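What follows is a set of notes on a single structure, which appears directly below.
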């Protein structure tokens, strides 16, 4: 049984022009201690899924159906007061561009302390000690905790944000594009630190990114998202060795690499659909080279094609 | 997708905006009043001229009657014809001050924001000085110097004093706009400074200019009314401010609400209508605020 | 033939203190770089943020005037040209910007945007210009241009905008294009399309391109040669495959080792580098990378390294390398 199980999750955004069908029938589970990666292009719904687990969706978003089961309990049914106890303490999140969310007028230590005090009743001494432990864990000199955000470099801010996410020993962490705005070398350091911390603390993680290389390096299990749905979900190595869904194949072929032979890559034709009015049947069919008339009519089921390898395509293999 | 020719949509969008509709409705009402003014007076200038007319059958201020729908003032002059004339004057003062002051402000803002350096320092210090000038004492002094109060002089002074806010805001907007990549893109192609200022930056400033023009118009209408009430406006015209002053000076302030209320209401409503129109215009002239 | 050749190019920016006080400190954004690009070739200029790569691209198209050095375009120095003479040269060079949302004037239709370089340069009649615009849009893959001509930028997708920006750059048939991170803000599937388009245009129009990027994988995909920049200097320059497979400079090695690889079964060897990039405000003598370099010696901190020839086209600026 997984620590988190998502069943047929369906989330729509209400806008002036109608409903944006952002997440449609998404199901997956994450085992304890596993790192799961969610990869897809912008607007495919990956951040929406992360926010829905935290129950921090914007007001105009509506969970139309499905379940988010965390340790046996459905989070969708929880009241806001109950969620407040779970958030940060049980499930925490490293937000997209979170380093810009540090408040410039407070010392970073105080910002982390605030997060701790909000959820735990511990003495100041204990809390300060914990902050310095967290700082060593994420690789910053604990003495620098008393500085202000502007005294930190981008990479250090991101580390501080990770420390903040870890502050209450959560069981499950969602990391939404934690390295996107950073330079390659800093990104690399942070990724390797996240991996180390994950190993050390045996944490369960969900890692959200548009960059398939970052996901390949960090995650044991990968879900590929397209236009609001997960099209393929499998262990990383088999997924990369033998992707089953045409979109996964196309996505992998869209990234140039510095390893291996230099070859000409062919992009997926067209552009991602507008989810106000998504294509009928399989949402990928207008861009799929293998699409047949069935794809236009009927949405494919998300089935376990091989052991631990799920795929949503009418014509697998 | 259809080809959409942007500009033809403007009117549709304006009409969709509720605030815009209300503002425009009010504005049209006042415009009609301004147009009706000469017609109403022409029926019998001897009685209905707002300044020199006098109804021989009336003594002192009277409440509304059939002949005088809004009543008369203490000299027996028709209040409706003063009110109608006043709307003409409000438009004249408001729009000319709005156009003059915003043009000055936009130009100064654009130039100081675009060229920076010494030009900017000089122009911005000038702005600071003008901004801190005390308007009321200034007007008293100027009318003292010229020995008479002339509406054209008031328009001039209000224009020369009222451009500073627009200049500041447009300067800072220019500062951010000129760093946009499309400006650099134009420069790479060899565009001159003039082309960049007037073809690339100015149109993007337009919504702000509109906004400050409406603010300028309201400021002028309100200030002229205030000056009128204080007796500092041109006594040879019947502006709404002057109507209030006559009412006050003749001691009718609370005795004759039929005299007090119409000009007060008109001042507020006209100011409001310009604000509303400006607000709606901003949404329209800025294509990014438009719906896709 | 060398289409563009840069020698000892420098750009210093004064550090602003206040409105009236002039500063005596300078940011050495670009500090004496040399390179040349053959006609029809693509040079990838790669480095981390703050290394000066964008400043170089702006100097090349003369958005900025260099503090020192030469920029030869077809043999003529444009480094300090002004006014009419510079405008004449602007027909030969163009730039593509990073942000497809900012590089198009929101109040210009596609037609206005693409035709602008022609209007500024006074080329053609209105009808001829319209034909040229339609042709340029067709070249960049916006088929049926009449559908796009009168649209505003906000009515286009990110990929379409970048294509319009490219069409604008190409409409006056330039010889040289500086592309500043043209794909970094685009989505994955669109990014590849734009890169392929640029490669195809290079082949078709014999364009010379300087492709500025922070993404080494993209640099490899696009370029014939790659130059690696660090704090305003080029530390290594070599033909693409040579640089990727046989890097010599410690910084290049570290940078290459930190690029994630889209293959979970492959483990890469990371080279950890201490510290972080400093700011190039009046930098001291010696190698700029010395404070962070794992192989640093006493000499590195005293003397500026000179370019050493590894092979015919491979240059590296490092004391520890002996040819």
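Each chain carries a letter (A, B and C) given by its place in the written order, and its residues are counted from 1.
Rule of thumb we're sticking to: contacts are C-beta pairs under 8 Å (C-beta built on N, C-alpha and C of every residue); 3 or more make two chains touch, one makes a residue touch a chain.
None of these values were measured; they are calculated from a predicted model.
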{"item": "Of all other chains, the one whose Cα centre sits farthest from chain B", "value": "A"}
{"item": "Highest-count interface - the chain pair sharing the most C-beta contacts", "value": "A-C"}
{"item": "Interchain centroid distance [CA atoms averaged], chain A/chain B, Å", "value": "54"}
{"item": "Rounded Å distance, chain B centre to chain C centre (Cα mean)", "value": "50"}
{"item": "Whole-Å gap separating chain A and chain C, where each centre is the average of the chain's CA atoms", "value": "33"}
{"item": "Partner chain B, residues of chain C touching it in the complex", "value": "19, 58, 61, 63, 86-87, 90-91, 93-95, 97-99, 102-109, 113, 116-117, 120-121, 146-147, 149-152, 154-155, 165, 168, 172"}
{"item": "Complex contacts: residues of chain B adjacent to chain C", "value": "1, 3-6, 121, 180-182, 184-191, 195, 200, 203-204, 287-288, 290, 292"}
{"item": "Contact footprint of chain C on chain A as seen in their complex", "value": "41-42, 153, 155, 183-189, 191-192, 210-214, 216-217, 219, 236-237, 240-241, 250-252, 254-259, 262, 264-268, 271-272"}
{"item": "Chain A partner contacts - residues on chain C that touch it in the complex", "value": "48-49, 157, 159, 187-193, 195-196, 214-218, 220-221, 240-241, 244, 254-266, 268, 270, 272-273, 276-277"}
